[in-house]
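Here come two complexes built around chain A, the first alongside chain B, the second alongside chain C.
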Partner chain A sequence: MLKKHPLFTFIVFGAVLFLLSNRVDELRVFQGATVAIYVIAIASIILLTGYSGQVSLGHGALLAIGGYAAALSRNEWGAPVWLTFCIAVLAAALGGYLLGLAAARLSGPYLAGTTLALAIGLPSIANQFTVLGGEQGLLFDIGVPPTFLGEDFTQYKWFFWIASLAALIAIYWLRNVMNSRYGRSWKAVRGNDVAAELAGINVGRNKVLAFTVSAGLAGLAGALLAMTISTVSPGAFPLALSFSLATGAVLSGVTTLGGVMIGAVTLVAIPEIVDTVVSRFESSESVANNLPGLLVSTLLILTVLFVPNGPVEQMRARHEKRAKR
Partner chain B sequence: MIRTNRRKLALTSAVLAVAAMTASSLPAQAASDPGLTSTTIKLGITVPLTGIASPGYNKIPGAMKAYFDYVNANGGVNGRKITLVVKDDQYIPTTAVAKANELILKDKVFALVGTLGTASTKAISASTQLAKRGIPSLFVNTGFSGFADKKAYPTTFSILPSYQMEAKIMGKFLKDKYADKKLALIYQDDDFGRDALAGFKQAGITFGTYIPYASGSQSLPATGAGWISKLKASGAEVTVLFGVSSASTAALANAYAAQFKTQWVLGSVGGDATTIAATNKAYVPLLYGAKGFSFAPAPTDATDEYIKLFQSIYATAQPTQTFDNNVVAGMSNAFVAVQALQAAGSNLTRAGLIKTIEAKGASFANPFLTPLGYSATSHVGATGYWIGTYDPTGALKPDGGKYTVYTTDSGAGPVVESTYKRPAMPAKGLPN
Partner chain C sequence: MIQFINMLLIGIGAGSIYALMAIAMVLVWRSTRVINFAQAGMALLSTYIGFELVQKTGNFWIALPLAMILGALFSALVEILLIRTLIKHSTSGPVAGIVPIIATLGLLGFIRASIGFIWGNQDIQIQPPLSKVGFKVGEETIALSPMNLLVLLTVVGMVVVLGFIFQKTNLGLSLRASAYSPEIAQLAGIRVGAIRTIGWAIAGAAGAAAGLLQTVNGTGAVSPDSLEFSLLLTFGFIAAVIGGLESLPGAVLGAVVLGLVLAVVQIYISGTLVFMVAFALLLLVLLVRPQGFIGSKAGRRA
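Coming up: the complex of A and B.
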């Protein structure tokens, strides 16, 4: 179905989400919005790492660029909401392009180190310029939902609709890009850059392009993240965010977009599951506090050990093996 | 005949459907606000329990719980027992919003208490729409003067004096005590520091040397490299540090290493011995002799009736933890919250609670040595500071052996020595 009529599948999926958003309570709607944002951010990492072979431990910084760009364009120029998201994508893509120029000359641990430094350093720039609001950050208010949606239409449902629509469009577009000439070139570069170059692919340019596209997606995720918390501040983009996104990408399987939901849902669900379990058993505070981190790390290790390419890729491989017999 | 029947059926079901829809859309909380039963009140708090900003702060929920449990064991508030739901936000605004949402939507708390950190507090307030939903956010732990703005944050009450108040009082202290000395200021170059600069300007203080530092966040340690050589070059005799604990740690440690002597004056945020000890216990004695500011009685002052009570409650509830100013902060916060809930009466509502604090908040019994500033126009709690000197264990002792309290406002008002006499503690520290 997905292979033959991808657009149709995405529309059906969107309709299901729409119906779901009217059925579940508001906390789930809020969490749904968070999942949608993680989907975009993780897809951006998968594109970069899985498809073009470059590692980024600093995606939080690119999200921050997007978040701040959106908030600034809204607060300073009163840009309409849709435009703030476009500006966020462009600003982060520009940042990614510049970073990509440096990244194309680096690889492996050096690239990881560079992006890591960026994640640590960039958010604190906000403290240097008054216009960025310092430690307290800036408000980012997208306004109330349009009145024709009715009075019962909550703010979080509005956030959920915007975030889900953005995620659906982003993933659909990304899927098409992956199947285009660019996607194939990126995969070729990842596989073997010498062979790719011999085949006439400009390796450097393709790496920069992948970085730019990935950063644009991260910027979109950043703007959406800022929307759900209605503010941007340096603290919202900590190193922990960059790491959990990388973790999400590994759980989803870095080489395929198909599992992107897995990582996103895991990141949102684990803390809550732990909360529920812990509240049932009277356990010590330090155990309860550190359990989510422990669980996610354990999952990460298990994934790397047993399904290094992610559960979706693993299932496909098994399926193909069986088909061959 | 069949047709009329069918029409009747359609009509009836339509009426029924409309009736059902109206009934289900009636406000569910007509009976009472969320988080309340006739025997319980549910409150929620998000604080950093893990992560780099957690040392010190992570003791606040335990301290609050200890006092609430004490009140519950003695009959509760107007017959209701208080439960406190605690969430860990790691000092990350995004997480703080997610956790606040769980508190409001899943745990259905009556009110938030003791939210910590300016960025988190701001994000929670905006994203969860506290004002629109009328959810009280009691006694947030931040000195950012913005939360005093009743229009922007109509349901939020702060407990700390504003940073500007602190700088004004510090300014007067410097003028009175060190007028002929060479002064220097190390401050955080953001809104936090700018609040302070505004306060010093109002106090008419100019420093010989200004050393701004860019802190990435509370969680990033400042280097302090170069500060001491600048101070040495300027011959600073008195150095004010208006920054976070990591900055004071860096300054004190570097000064010690360089054998540089100056009279340190530390702002309340950066002068917390517990937080400094979390970096390195060996740094705590470096606080010895520095001047510091506080508005609550010293945690070591067992002659204070509140401290005496809090110490005994905490020793029973958390026997393995040390009693420090974070514990005093948490228990004081819980104490004022209980006073507010008590004053709001047995017919408790969210709107009623907010109105009560505005109307009677200034007269609530509380452990602080400064008057509370709550009124229909102000949502700021404590309104002043006393000045003391750190002893070798990092405890702040009041100068002259007694608390001399100065009060002021966040505007152009003067700094005056307070004549406020704290009312006696209610019997056994219970609501009355």
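Coming up: the complex of A and C.
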């Protein structure tokens, strides 16, 4: 079904989400919106790492560019909501292009260190510019849901709709890009860049392009994230966010888009699980503060040790092996 | 004039701590071809252990070497338990290049969260063992205190000892041979696995010294989410890259250059620009001279 009629599947999936959003409570709707945002952000990392072999530990910084661009365009020029998201994508893509120019000349650990440095230094860079509002950051208010949706249509449901729609469009589009000439070129570059070059692929240009597209998606995720918390500030894009997203990508499996939901749902579920554990056992504050980080990093280490390609890829490989016998 | 001298002193003082971190990163990179992003976490853990030891013994001079030894043991343990398994599991495939990076990142998060569990997320305070008031030259107080002097002497001492080990002993020869070519070293009868572990252990000791000295030289306060340690990791990495990531003298040189540049920015321009300048320097070096100041073109393998 998914293979033959992807568009149809995506529409059905969207309809199911729509029906679900009417049935569950506010908290779940908000978490749903967060999952949708993480899906976009993780997909952008998967695109970069899994399909073009570059690794970025500083995706939080690209999300921040998107968030700030959206908030600025809304506050300064009063741009309509849909336009702020477009501006966020373009601004982050531009940032990603510049970073990509440098990145294309760097290999693995150098790029990882550089992007990590960017994520660590992001707050101090953001504080340099008064237009970005310093520690407090900027407000980003997308306004109340349109009236034709009814009286009892809540703000969170509106967030959920926007985020889900954006995620569905982004993943559908990304899926098509992956199967296009560009996607195949990226896979070739990842597989063996010398061979790719011999096959007539411009390796450098393709890496920069992959970085640009990935950054654009990250910018979209950043604008959506800013939307759900109504502000953009350096504190909204901490180093922990970059780490979480990298973890989400690894849990999803960086070589395929198929598992993107796994990472996104896990990232949202972990704080929820911790809350349950803490209230059940009436644990101390230090448990509540540190358990999420401990779970995320333990999962990360276990995943790279035992299923480095991600669970989906692992299952597929096992399935293929069995089919061969 | 006094401002210029102070700038030099501040730059060299800061640079010497970055140098320890850079040395740790270079040692790990040479022995296993991994950039250890968990180095900040390991240094943090050693600092907390140092704090406990100061509490127990009441003496910083016993705590520092003990913390370094324990840091070395922990680092060796990480190499044996985590890195060995990783390298064995993932020698090929599309993710082979990123797996160690992600793993050390996971380790960083793991160590930070564990420290939060054990010691809580509030700041702990380590008393500086020496005065932090600068020496007086005539009327002026210069930016060199007994504490700074201790840091400098420790770093110089470590560099001398490491230089001696690397140049004059069999162990150093084995370390250099394993870094140059693991296969050839193995054929020559060197137990490359053990040598790698030793490389990690020395790096752990250097990182422990960096963490403890930075803390007592600074505010004396540490927390698991300490930004100072993230910056220490970043500046250590930048210093190591400036030095070419392969050479120990390069790492020290890179660290001193970084320290001086940042001191110039801090004193003559603005303290808030420090990070941006460091980042710009990193990009500049990577784009213009990716093999670093010291190091040949072929040296940059990844």
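The definition used in the following text is that the second predicted complex is superposed on the first by the 318 of 325 C-alpha atoms of A that agree within 3 Å, B and C clash if a C-alpha of one lies under 4 Å from a C-alpha of the other, contacts with A are read in each partner's own complex, and residues count from 1 in each chain.
We take it that a residue touches a chain if its C-beta (ideal position, glycine included) is under 8 Å from a C-beta of that chain, and two chains touch if they have at least 3 such contacts.
Just so it is clear, the structure is predicted and the values come from calculations on it, not from any experiment.
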Worksheet item: In the superposed model on chain A, is it clash or fit for chain B and chain C?
Response: clash
Fill in: Partner chain in contact with A:230 - chain B first, chain C second, else both or neither
first
Discussion item. Under the stated touch criterion, which partner chain does A:192 make contact with: chain B (first), chain C (second), both, or neither?
Written reply: neither
Worksheet item: Which partner does A:128 contact after superposing on A: first (chain B), second (chain C), both, neither?
Response: both
Item to complete: Please indicate which partner A:202 is in contact with in the superposed arrangement: first for chain B, second for chain C, both, or neither.
Response: neither
Worksheet item: Among the partners chain B and chain C, which is in contact with a greater number of residues of chain A?
Response: C
Discussion item. I'd like to know which partner A:298 touches here: chain B for first, chain C for second, both or neither.
Written reply: second
Discussion item. Contact-wise, after the overlay, does A:275 reach chain B, chain C, both or neither (first, second, both, neither)?
Written reply: first
Worksheet item: So, A:102: does it touch chain B (first), chain C (second), both, or neither?
Response: second
Worksheet item: Given the touch rule stated above, what does A:50 touch, chain B (first), chain C (second), both, or neither?
Response: second
Practice prompt. Would you check which partner chain A:179 touches, where first means chain B only, second means chain C only, and both and neither mean what they say?
Written response: neither
Discussion item. Flag for me the stretch of chain B that overlaps chain C after superposition; candidates: 63-71, 279-287 or 297-305.
Written reply: 279-287
Practice prompt. Could you tell me which stretches of chain A are touched by chain B in one complex and by chain C in the other?
Written response: 120-121, 124, 127-128, 289-290, 293
Discussion item. Under the definition above, what is the set of chain A residues touching chain B in their complex?
Written reply: 25-27, 30-31, 34, 120-121, 123-124, 127-128, 133-137, 139, 141, 152, 155, 225, 228-231, 233-236, 238, 240-241, 271-272, 275, 285, 289-290, 293
Discussion item. Could you list, by residue number, the parts of chain C that touch chain A in their complex?
Written reply: 29, 34-35, 37, 82, 85-86, 89-90, 93-95, 97-99, 101-103, 105-110, 112-114, 116-117, 120-121, 224, 230-231, 233-234, 237-238, 241, 272-276, 278-279, 282-283, 286-287, 290, 302
Discussion item. Taking the touch rule as given, give the residues of chain A at its contact with chain C in the complex, in rising order.
Written reply: 49-50, 53, 55, 57, 102, 105-110, 112-114, 116-118, 120-121, 124-125, 127-128, 190-191, 239, 243, 246-247, 250, 254-255, 286-287, 289-294, 296-298, 300-301, 304-305, 308-309
Worksheet item: Can you list the chain B residues touching chain A in their complex?
Response: 25, 49-51, 62, 87-88, 90-94, 97-98, 101-102, 105-106, 117-120, 122-123, 126-127, 129, 144, 146, 189-192, 214-220
